[in-house]
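By written order: A, B, C and D. Residues from 1 in each chain.
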Amino acid sequence: MSHDHIVSPKLYLGVLAILLVGTALTVAAARVDLGGLNIVVAMSIAVVKASFVVLYFMHLKYSHRLNWVFGAAAMLWLALLIGLTWTDVAARLIE
Amino acid sequence: MATLVHLAFLAVLQQGLPIVPERASSVAKQIDYLYYFLTGVTLFFSALIFSLVFYFAVRYRQRHPDERPQPIHGSLGLELLWSAIPLGLTMVMFFWGAHLFYIVRTPPSDATQLYVVGKQWMWKIQHPEGQREINALHVPVGRPVKLTMTSEDVIHSFYIPAFRIKMDVLPGRYTELWFTATKAGTYHLFCAEYCGAKHSGMTGWVTVLEPADYEAWLSGAPAGESLEQAGARLFRQHNCHTCHEAGPTSRGPSLQEILGKQVRLASGETVVVDEGYLRESILQPNAKVVAGYESVMPTYQGQISEEGILQLIAYLKSLTRAERKAQP
Amino acid sequence: MSDQATTLAPQFDDLAQQKESAIFGMWVFLVTEVMFFGGMFAGYTVYRYRFHEAFTAGSDHLNLLLGGVNTAVLILSSFTMAMAVHSAQLNRRRALIVFLVLTMLLGSTFLGIKVVEYSHKFHERLVPGPAFHFDGADPQHTQLFFSFYFAMTGFHALHMVIGVALLAIMTGFAWRGRFSAEYYNPIEVSGLYWHFVDIVWIFLFPLLYLVGHHG
Amino acid sequence: MNAAPPAANALPKVHYLNVDYGIRSWLFTIDHKRIALLYLGSITLFFVLGGLFATAIRLELLTPAGDLFESETYNKMFTMHGVVMIFFFLIPSIPATLGNFLVPMMIGARDLAFPRINLLSWYIYTLGGLFTLFAILSGGVDTGWTFYTPYSSTYSNTNVMATAVGVFILGFSSILTGFNFIITIHKMRAPGLTWFRLPLFIWAHYATSVIMILGTPVVAIAIALVGLERLFHIGIFNPALGGDPVLFQHLFWFYSHPAVYIMILPSMGVISEIVCCFSRKKIFGYSFVAFSSIAIALLGFLVWGHHMFVSSQSMYAGMVFSILSFLVAIPSAVKVFNWTATMYKGSVMYNAPMLYAMGFIGLFTMGGLTGLFLSTLATDVHLHDTYFVVAHFHYIMVGGALMGYLGGIHFWWPKISGRLYPEAWARFSALIIFVGFNLTFFPQFILGYLGMPRRYHAYPEEFQVLNVMSTAGASILAVGYAIPLIYLFWSLRYGPAAGPNPWQAKGLEWQASSPPPTHNFPETPVVTEEAYEYYPGAEADRV
């Protein structure tokens, strides 16, 4: 089952460019006052950047399905940890 | 060893060992009923499983070493049945428990307000009339009592088994507990959250008195100034009034009738003024400044004790009440 | 260069199984790492929401330029790491070594800049502890911000140090010709780790340096 | 295969135990079976240590007045009992010993995927253990195993730092064990061994491993932050510096509740194996038992807030956590019913492992059901932090996890050592343990409902009778544990040789010789049937 997918350096360069542009965009977006949306924009850009790293640099796009499952599980559990902790915090703020 | 067991059982027989604690609050009986229901479910299923295991073990014991019984792969119907029955039972438990929990956590608005400060290793209690108690709490029968509690050091937990209530007492935050005592008597008060060396010594007695006895106790106990008076004294002593007098030029917001109100902060957010916010504003005055005022108030951290802060809060509450009374 | 006998561990049936296990193993390990940082992220989000003003004030005292440059440096190092794996896949030993060394250099640059930032904070008395001093509205909660800043970037830097050490070992192996187009699992696995550390920073940067807006 | 098959009931000439001699051959071994034995030795030492602390606790509680130890000493006793038993015995118990030994054998592999990491995990365990031992010897620690802040981070002046470092390090040994199992189970199963032919022991260990890798890092970071608070006086959990002590409880229980399932799930796997073997029957409802392990592992992560109903956690969060807690009861109930149903129309034998298994089923049922009292919001308000909780989790961890562990050790002892243990003694001690256990912990349910708080050094006199019963039970329990320790050692030398499959059990591990050779199987086995095919008709299509 050894099917190493060899990604071309051009694609890597493209990803690099996207990541650098993304960084610039993050900084630029922080200079605009969007109120509560600032954090949403910043995190969205970070998620996009991280996805590019995961998919191309880490070869997940060409990888075994199992690796996808575990990567997704990590994200899901992180969401559970933060989300359920927040049920307490948010409710305490409302009460 | 055998002697110990023997002694233990003798003791049980002689003393008629109680298995349910005394019941002395308005919620105790309801919680006991829920407890009996849970106990019933537990006994039923434990007995069921124990006897099935025992019965199968005897009935189907191996009679010949080579016997190989017919395999049974399973039964979807049975699986669904023994998933659905527990699910149904637990949902009953959930709603029943949540309903009572809501009652236990929601103090009635006419409750008498008492203040509790926990510290390693004692409970300090202040009555609105000014009586102070240590490791003791006197309350009347039939009147709802609300405790606002905080800790000077680590986490404690205020626990009265006869009332079936418990609440952690945290440093840096107020928690609430309420009850209506229903039976005169003395009951254990425990600290239930491990808090250090003398944790098991952080106990006391709750004395529930008939209303007349309670009045007698109130007038007999040395009261000194009431909580509001003590708060008012602190208010002047720390010169709070110089900035917080109502008036167009005052440097701080007026404190008349603020409890329970929403205020806008300088940051644009709004907060409801509750005990926690008042406490924070005394200790970290500049964390949440009301809109239209400068961050000029100094911190009173280390200058006013937790009990002092509670007295101030009682005083500020009285301002709110006084205003309400003044209005027809 | 390397034959089956020296690269195939006895518990595996063939190289393909060994490689899949190694790569899958690293992914599983990274799940653990996500949760490790996740605990701090959970705490940080709670406090950041609750003490927004104080956290913004603290964030304003971070050096956005240095943080931004460091982000770029780390992204660049991820690129060179990807190229190192690429070189290994094509059996280019020299390029592999060059890219590994470049990655280490970029990683060290990141750590160097981090040291500069830390020393600034030290001089400005922004390191949490008894010596902490901050002239703001709510110094207590700003100190909390810096507690998180140092805990999170500190654990991240620790991962960087481990990463650089790992790559140094890999460079040694590459130098001795341990790898081939058939067998380069350690390079690929080290790459996964390196990219993960990069991703952590991609989130840390906006969370720590860009709280609130920087008008 | 050997040219001449070994005579019936003689040990094979060469096996993993005698293939190499000397201390180095053990300390540098990468054989999963030898590493399992290294772990077995270490956790037994810690079990004895934890047992000594338990003895001290029970002796102190014989009288209401705190007259045997100073309160400071007593607090250290229960803290170290908890830390040692949970982190150094229960969490590694079955996975690191039986799991390490059996996971590769049951799936027909020569070893785990990463044997060196497996050895590393034992060294990490040992290092963590040394730190903790150092903490104990240099004065002990008194925070309770829960390390609640701000007591642990600011107020306790005992050796919290060394203990925290010990537990932090130990976490990584647990992570590495889980990590190794996941990859091994995914990638190294023998040909023909599909997921639904796996023994349920493997399913249980897979579920356990998932919890280990997802949960452990969170407690590691929580404890690391407590350590940083002590070192640098930062205030993440310290309200005096603006932090939130309840956040620590969230992070702590995010791991420590699922950790209960780390302790109980492997035991459930053991019980599935034993019940099938000694009922000579296929498990009833294989897929339900298998998936219930996974369901427990996943749902187990959603319920941690039920430890915090009275912690000042918001009322609504309490309700969310309460209903989720009830959901995790369902898969546990399903397991109990399926084990019981497996015995129905079986051919039940009364060997010692089966006695442990039957004890497990009953006691786990009681432990699980009493857990419902604590998921129910209103009753938990009263019962939280009382002896009811202590009784409940001892029913799960001692009546459940430890019973399963002992059952498993007996069941696979012939495979591990190549020799049989003395059956009569084993049945006798299983009985003693069952009786002693119930006498120790049942009175504590009543104590709890009467309102006796846990972690109390001295207590009101009316609680004495029940405490005396509990201490009396503990003394019986101690005897029950001592007996197997003695006869298992004895059997290592004097026990009769067992042969490859003394129980005529199914499963790949029983196809290897006892004790097995270093790489387990002379050639990779091929699997053609489901697990637990005891009925001979199914054997016909076997190659």
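Odds and ends about this structure:
Criterion: contacts are C-beta pairs under 8 Å (C-beta built on N, C-alpha and C of every residue); 3 or more make two chains touch, one makes a residue touch a chain.
Worth saying up front: this structure is predicted, and the values here are computed from it rather than measured.
Common neighbours of chain A and chain C, listed by label, are D.
Among the pairs C-D and A-D, the greater number of C-beta contacts is found at C-D.
Once the centre of each chain is set as its mean CA position, chain A and chain B turn out to be 42 Å apart. Chain B and chain D have centres, each the mean of its CA atoms, that are 35 Å apart.
Shared contact sites, meaning residues of chain A that touch two or more other chains, fall at 66, 73-74, 77, 81, 85.
The set of chain B residues touching two or more other chains comprises 284. Of all residues in chain D, those that touch two or more other chains are 186, 214, 218, 242, 246-247, 250, 254, 315.
Under the stated contact rule, the graph of chain-to-chain touches falls outside the line, ring, star and complete shapes.
Pairs of chains meeting the touch criterion: A-C, A-D, B-C, B-D, C-D. If you check the complex, the residues on chain D that touch chain C are 104, 109-115, 175, 179, 182-183, 186-188, 213-218, 220-222, 225, 228, 232-236, 241-244, 247, 250-251, 254, 519, 524. On the side of chain C, the complex with chain A involves touching residues 15-16, 19-20, 23-24, 27-28, 30-31, 34-35, 38-39, 41-42, 45-46, 49-50, 64, 68, 71-72, 75-76, 78-79, 81-83, 86, 89-90, 188, 191-192, 195-196, 198-199, 202-203, 205-207, 210, 212-215.
Every residue of chain B that touches chain C in the complex is listed here, in rising order: 267, 269, 284, 286-287, 289, 295. Residues of chain D touching chain A in their complex: 186, 214, 218, 246-247, 250, 254, 301-302, 304-305, 308, 313-317, 320-321. Only residues 66, 71-72, 75, 142, 144, 148, 150-151, 154-156, 239-240, 242, 245-246, 279-282, 284-288, 309-312, 315, 318-319, 322-323, 326-327, 329-330, 333-334, 336-338, 340-341, 343-350, 358, 361-362, 365-366, 369-370, 372-373, 375-382, 384-386, 439, 446, 449-451, 453-460, 462, 465-466, 468-469, 471-473, 475-476, 479, 533-536, 538 of chain D touch chain B when the two sit together in their complex.
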